[in-house]
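Shared between the two complexes below is chain A, which has chain B as its partner in the first and chain C in the second.
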Partner chain A sequence: MSQTTILLLGAVGLLGVGLYGLLRLRNLIQIIVALQILAKAAVLALVVAGKASGHVNLGQSLAVTVIVADTVIAVVGLALAVQVRRRLGTLDVRALATLRG
Partner chain B sequence: MALAVGLMITAVFCGLQAMKARRLLTAALWLAAVSASVAIALYQLGAPDVAVVELSVGAGLVTILFVFAITIAGDEAMDAPPIIPKWLRWLLVLGVVLALATAVLQPATSHQPLAEASFTAVFWQERGLDILIQIGLIFAGVLGVLNLLTEHDTPPPTPAPQDKPA
Partner chain C sequence: MFNLLPFLFLFPLAGLLINVANGRLWHKPIAGAIASSAAALSFAVAILQWVALLHQPEGAILTVGTWLRVSNLNVPLAFQIDTLSVTMILVVTGIGTLIHLYAIGYMRGDPGVSRFFVYLNLFLVAMLLLVTAANYPLLFVGWEGVGLCSYLLIGFWFDRGEGGTSNATAGRKAFVVNRVGDLGLILAMGLLFWQLGTLTFNEVFAQATAVFPVGSPLIVAITLLLLLGAAGKSAQIPLFIWLPDAMAGPTPVSALIHAATMVTAGIYLIARSHVLFALAPVSQTAVSLIGASTALLAATVATAQFDIKRVLAYSTISQLGFMVAAVGLGAYVAGVFHLITHAFFKALLFLAAGSVIHGLEHGQNGHRDPATLQDMRQMGGLRRQMPLTFAVYLVGALALAGIPPLAGFFSKDEILAAAWQGNLAVYLMLTLAAFATAFYMGRQVWLVFMGEARSETAVSAHESPPIMTIPLVILATLAVVGGGLNLPGVHTLGHWLNHTLGEGELRPFNATVALTATLLALLAIGLAYWLYGRHPLGAAATDPLAKRLGAVFMLFNRRWWVDEAVEWVVKRPFCHLSTFLARSDEAVSAWVERQIINVVQRGTAVLRRTQTGQLNWNVAGIIVGLLLIWLLLQFS
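And then the complex of A and B:
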């Protein structure tokens, strides 16, 4: 089994962990942690796929773009979680069902 | 080869621990460990630029942001059961993982490395749109941080209006 296959399988494993977390967790901050793990899997898969297909630098530049987007998702998500905590007193996603408007 | 296997096992183990952690701060630290493992794997793969960005931003900046947000929002433990039933969760996750793993293990045609420009040329010249999008995203991130830092005296949530009988 080649290094590329091993790293791609690792990316699939990380994707499974992140997906499981998204389906299982109810805490907003932990959901953002699960999203971050999904993004790590995407970054790894992009670089490995770029190397496997011969477009090494294209895969790397796309991976950097994904890292920046992923960081902004974390920042905005955490800001939303803090505001939800201040307004509703909890981080439970079920509390968002009380939102109106 | 052995290093790649070890790094991937470490990354998946740390990810599982982050999902199982009862305290949010512990989950953030396990996430940083995932990021560090992925960064080492990227370096081994021959992508040092991406590895440095992943290590500094993914394991550094994001962890600090998580710790900061947890300090503000509080470390709230939740014992309530998940919304989605356990059998459905496992069915979905195993289905996706098995499908992707099958696709990965298919024999692939080997590609020769193409003669392409350097990483700097590809990133700054050929991916100009990506750079513009990243600038916009960074501005969105700055606004998010400002929102995180802003203290508002919000009124307590008002109770839901009761339906009056006709």
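And then the complex of A and C:
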């Protein structure tokens, strides 16, 4: 099993953990953490893919870009979490639902 | 000079446009003057065409452009100038101009006078288009155009009449009844195009003789459908019921459209299509029988009416029956001759009746209720108040009754002579109708003008202004000398029309027929005198004819219950059927709507469950979607 395959499987593992977290978790802070794990899976996959295809620079620059975007996601998400906590008094996402389907 | 023909339409068109602007913007009392000058200029163009035709009697076809070209249907915007069409445009514009002039006086002070003259000029355009068109579709445009103007003008005083709506209803009735006839004309055109591939008159007539054997079912069908069209426009059995109601329009309209010109369109159509009718002897017999029975039926009804205009309306139907009978007998010259003389004296009679109504309405004790104004039982003795109107009315009545040497004698005699040779049943019916004609005219003259005034309104009546009486005098002159157009033995009109209608028979003078007709007319007038003249009708007295005829008078007075029969046999079942269909349609569409709503509602009830608003559900949706896309990419 080559190094690339192991690393890619690690990325898929991170992706799985992130998605599971998104499906399972109710706390908004925890959901943001799960989102971060998802983004890290993408970073890892980009770096590995860059190395495997020989475009190391390309892979790494994209990875840096994703880190920036990822930070923004975290910031906005946490800011929303603060607002949700202030208005609803809880961080449980079930309280956010207004539809009565 | 034939190139000047378009001006025939352009003058009235310009007149109506100016009057539209006048009615909307300026409100100057010039509508009548403009419309009349437009009509007069049109008449001048018509005279120019006549002069040109004298040098070149075979006529010409003036093609202005293409109107329709679809596959092998080619309909040019073309006008046919020949002796028949020029005769018609002379009558239409000539009589039209006089009636326009008269209408200036008659309509003075009416708030809608601009609108009135716009319609009147529009009518001239449409009628001229009808008689000059060189193919059936273009003729049909004019045909519908005059129908539209007729509708607009019958309902001109749409806020008057019984219940405030009866004038509008009369207009609608005319329109709807005419639709039945138009259907015949459209179907005939369709059959002609199907068989011949063309609708231009000259081509149709040239090919018809080669394509259709004499009496073949198709040509019989085509001519019978044309007859249906003619019956609608020219108020023949069974479609005549609209014309008496059309008298709701202003009297100049009754004179121009419903007596002199538009209603003769059916006779023109048959005369124009004479080649087709010659190929279908069965249809010719049908035409003459329908004409003769209409003539008789309407004449009997006219003897028992009390409304001055209604008598003239039934008289018009009856005289149109004479013309239709004539063209059915193949006596096209006689038919057109009677058309012309009838236009003279019937326009005269209507305008004179209008003068009577006008005089009563504007007298000291005048009022605006037309039912009373036009009731002959409320008149009497008007010869003193309205001497000029009386004189011209007398001329018109004698001309209509067929007293020599007035115009009606010559034209009616030609038709009777043709019937004598052609079909005895037609001759007998027409002779009886002629007898009734002389009688009801005598009755009318005695009721209206003789004896003593039977109401306050009649006492205070006065003579109409010169703008109205001058056209009357001109028309009276024409009604006297009009017979000179086609004197027996000379046949000016006959020779003239034969350039177009082919070498028709120029019938010699039939002394027996003429003498019989004249004696019968004199007898009828004598009878009218015996009933109405010896002892003038007193106020609120019963009609002496009603006393003597009893139930028969009732039958005539109620118009043979034709209107009621149509009401019960056609109108009511049709309305019930329509209501039923409308209701079933409503029921069906309501059911379909209900079903669609149910399906949508049930579907949404299911789908709604998935819309929880829970963040985790949304993520699950995204993941499932991604998986589906991935699967799709794998298997495609």
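We take it that the second predicted complex is superposed on the first by the 97 of 101 C-alpha atoms of A that agree within 3 Å, B and C clash if a C-alpha of one lies under 4 Å from a C-alpha of the other, contacts with A are read in each partner's own complex, and residues count from 1 in each chain.
Simple rule for what comes next: contacts are C-beta pairs under 8 Å (C-beta built on N, C-alpha and C of every residue); 3 or more make two chains touch, one makes a residue touch a chain.
Fair warning: this is a prediction, and the values are worked out from it, not measured in the lab.
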{"item": "Partner chain in contact with A:Val76 - chain B first, chain C second, else both or neither", "value": "first"}
{"item": "Which of chain B and chain C A:Leu8 touches, first, second, both or neither", "value": "first"}
{"item": "Touched partner set for A:Ala97, first chain B, second chain C, both or neither", "value": "second"}
{"item": "Touching partner for A:Arg24 - first (chain B), second (chain C), both, neither", "value": "both"}
{"item": "Partner, of chain C and chain B, that touches more residues belonging to chain A", "value": "B"}
{"item": "Touching partner for A:Val33 - first (chain B), second (chain C), both, neither", "value": "first"}
{"item": "Touching both chain C and chain B, counted on chain A across the two superposed complexes", "value": "19, 23-26, 93-94, 98"}
{"item": "Contacting residues of chain B [partner chain A, same complex]", "value": "1, 4-5, 7-9, 11-12, 15-16, 18-19, 24, 27-28, 31, 34-35, 38, 41-42, 44-47, 49-50, 53-54, 57-58, 61-62, 65-66, 68-70, 72-74, 76, 78, 80, 82-84, 88-89, 92-94, 96-97, 100-101, 104-105, 108, 111-114, 116-119, 121-123, 126-127, 130, 133-134, 137-138, 140-141, 143-145, 147-148, 152, 154, 157, 160"}
{"item": "Chain A residues touching chain C - in the complex, by the definition given at the top", "value": "19, 22-26, 31, 93-94, 96-99, 101"}
{"item": "Of chain A, residues touching chain B in the complex", "value": "3, 5-10, 12-21, 23-27, 29-30, 32-34, 36-37, 40, 43-44, 47-48, 51-58, 60-65, 67-72, 74-76, 78-79, 81-83, 85-94, 98"}
{"item": "Residues on chain C engaged by chain A in the complex (per definition of touch)", "value": "608-616, 619-620, 623"}
